[in-house]
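Some structures are shown below for you to check.
What follows is a pair of complexes built around chain A, which joins chain B in one and chain C in the other.
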Partner chain A sequence: MEDSINIEDFDNLDNEENEETEEVPLTAAEVIELMEEAWRNEKFAPDILPNKSEVVDCLLGQISYMEENLRNLKTADFQKSIHQLEVDRLRFLVSSYLRQRLQKIEAYTFIILRQEEQRLEQNEELYLTNSELEFARSYKESIEQHFDDILSFWPGLPSDEWRNDPVVPNINSFVFLKSKNEIEGVVIDDGTEEEEDLVDFKTGSQLIISYNSVANLVRSGEVQLI
Partner chain B sequence: MAMDPEEVEFLAEKKLVSIIPTFNNNVIHLISGDIGPFRASLPVNVPLWIAVNLKQQQKCKIQPPDWMDVDKLEELKEEEKVSRTFVKMPSEHYMIEAKLLLGCASDDIPRADEIRTVIKDIWDIRMSKIRSSVDVLVKGAGTYAAVDNLTLMEINSIRPLLPHALDQLFRMRKTKKYGGTQSQNSSTFLSMNVNSKNTPFKS
Partner chain C sequence: MFCDKAHTLIKELDRNRDILSPYNNDLVTEIGKEITTLIEQNQIDAQTNESRNSAGVSLIPTIRVRHAAIHRNLRCILAYHYNRLNSLRTMRWEFGSILPVEIKANLSTAESNWFAKYSSMLAKYMRSLGEDGGVNLGIDMRPPKALYIEVRCMVDYGRFELSDGSVLLLKKNSRHYLPRCECEELIRQGVFQHIVN
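Then we have the complex of A and B:
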């Protein structure tokens, strides 16, 4: 079993902040670390974050490799039970992360798809993976089908009105975060737009703040939601 | 979204603890890194989840972390009592480590019952500080607050209540803005943040 892994296109993983990730092979432990960070961010961010499919694929690769090896090991071996336990823990991490994203896609299908189309048009980085996009589209179709079917029983109701008011995430919701860097002059969105408060984050400081004020810092990886 | 206490525990279980194995085994190459080699009666560091697992199989003795000591904890408790802010805990996951280690290895930890009591006391003191801070924060309609030195489990214990309360206050401020009825006390909403208030939520 190897300790480090080489992933060729890992350099676009943290492209904004970490120039040094280019060509630097990550150890499996570091990949797990990134997976944990992504999991926690996805858990607490009200909207969907850019996907971390490189991390997921890499970790799943490690897991399958380990499971392959475990099949060849003698049963009831003490070492095997430890390995199995670790594999189960990592599987939990990955599935919980992916499930989290699916939940958001189901809850905010329309708005997520609309934003994704905009990103596509403007050639920006896409947030959903191909399979997530496929899922979102087919989910949207079945929702629309369902509403069409149901609303046809109420001839008086305008059949399209429900489309005008899609469910949106509350991007102002309050989140806890830990700052990974020294960040100066974060603008606090307090909902009034009158006087803008600024706050400086020290490395390692923890705050509760509205997500809107720090959303770009979460995406760039400068702060970690906790 | 919320986090279960079990998930906080999951994160804490990465923490290394020292064990004294009762068996011999070569290095184990885990995905998260190597552990071992294990030599009977020689201390070795392993992640908490492995330590608990081995202890349950009677394959090791646990060496309690340095801070898990009645005198040190009593000192910490006194400090927490007099400090107006939150004292930095010796471990980011002190509550979980204590719960797991005391749960499976109280025979390896001297004065385990006393440790359990004093840790619970520290937790209670901190929770009461948290409650009074939350009260000040919500009444002052703060727009952000520093929660330095709170551990993950403590933060998790005021979720979702505090974020939800602040969400509601945010909505009220916004509605007020669109309603065009700027009341005379809107200025207090603006400049208020908890750093200027008399509360332990402070760096």
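Then we have the complex of A and C:
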């Protein structure tokens, strides 16, 4: 009897997924795939990408569900260790993704927050989740306070300078990518005003290209960084 | 020479890339003094009539040089502190929220405060993740290869309870075969050593 529980886990998950997110019914495997894609993109993109909090929450729910099921299995069960390893892998995937984002937020706090505010003003979709935003704000505050402490020996020092010159991600860095669709006429942005070179992506083709030329395609999910 | 001390400070930072050297309070204070002196001198000269000295030579170049020196000093100071914060940040991920004593001794008061603040920020963020009580991002740092790993205990740690309720007695030099996720934290704290065949 024990054996059948594990196999059912995944089926149950599928059903649950359907109930939770009615608009986009996803199977467990699809959620994992989406997460892996988001993770790879986040890992290789120099800039922060729009958050995938639905996928993360979904997968986190799944992980705790699977852990719950595993707890009911006998310790000696061979299947348990296999599934436990699988759960561990998923946990690594999610935490690595979230850590990756935190790292970017910390490194580029000032510029990311400024961009977020612009997006907020123009009513665009925000890239950070609420808790990430909160974290970014308190991180920024702590850095500012620390710097102000250091420069407090001369009150009224022109301390604004470092604020105007924040650390920025190098969006011109090169990335490897794989195209998921046929995309025509991608402009290669080489930073000059001269004539623009165009390139067509074929489905499944792999390229090296500077990130800023394809940033939009990465965000919309039409290409996958590898 | 202007900015010599700032240069020394940056060199010191550069030499200790992987470790956090003791906070160089003396040098930072001295650079602060240098900046203050330069600003004061500039202010005096700027107020002098039409910025010319008694010989009728313009003081503006002098002021400009001092101004550049002030900015360079500021930049160096900020770079020094910023890089220290960055390595502190890395250590938060390595050691958890409690720093080893020998590292703590190398921090300035402001840095200790910042570290505490950073820890609580991070804890707050981790708690907000997911639906039930948050996710500890401090574990699962490396992709898991095997479920169980072999570890050697380096200190007399005492009793250690596993998440399934069984209790182990960890003695120095004892070897254990444990679930990886249970001992990851202890490995980073130096209690366990991972035995790789």
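General observations
We adopt the following convention: the second predicted complex is superposed on the first by the 198 of 226 C-alpha atoms of A that agree within 3 Å, B and C clash if a C-alpha of one lies under 4 Å from a C-alpha of the other, contacts with A are read in each partner's own complex, and residues count from 1 in each chain.
In the analysis below, a contact is a pair of C-beta atoms (placed from the backbone, for glycine too) under 8 Å apart; a residue touches a chain by one contact, two chains touch by 3 or more.
These figures come from a predicted structure and were not determined experimentally.
Contacts of A:E134 after superposition on the shared chain: chain C is touched, whereas chain B is not. Set side by side, chain B and chain C differ in how many residues of chain A they touch, and the one touching more is B.
Within the superposed three-chain model, A:F92 lies in touch with chain B and with chain C [touch as defined at top]. In the overlay built on the shared chain, the residue A:F174 is in contact with chain B alone; chain C does not reach it. In the superposition on chain A, contact of A:N216 is made with neither chain B nor chain C.
Of the two partner chains placed by the overlay, only chain B lies in contact with A:K202; chain C stays clear of it. In the superposition on chain A, contact is made by A:Q79 with chain B only, not with chain C.
Comparing which residues of chain A touch chain B with which touch chain C, the overlap comprises 81, 85, 89, 92, 96. The part of chain A that touches chain C in the complex is made up of residues 56-57, 60-61, 64, 75, 81, 84-85, 88-89, 91-92, 94-96, 98-99, 102, 106, 130-132, 134-135, 138-139, 142-143, 146-147, 149-151, 153-154, 157, 161-162. In the complex of the two chains, the chain A residues touching chain B come out as 1, 3, 27-29, 32, 36, 43-44, 46, 62-63, 66, 78-79, 81-83, 85-87, 89-90, 92, 96, 100, 170, 172-176, 188, 190-195, 197, 199, 202, 205-210, 213, 226. Taken together, the chain C residues at the contact with chain A in this complex read 28-29, 32-33, 35-36, 39, 71, 74, 77-78, 81-82, 85, 89, 110-111, 114, 117-118, 121-122, 124-125, 128-132, 135-137, 139-144, 146-147, 164, 179-181. Within the complex formed with chain A, the chain B residues making contact are 1, 3, 7, 10-11, 23, 25, 28-34, 49-50, 53, 57, 59, 143-150, 152, 155, 159, 162-164, 166-167, 170-171, 173-174, 176-177, 186, 189-191, 193, 203.
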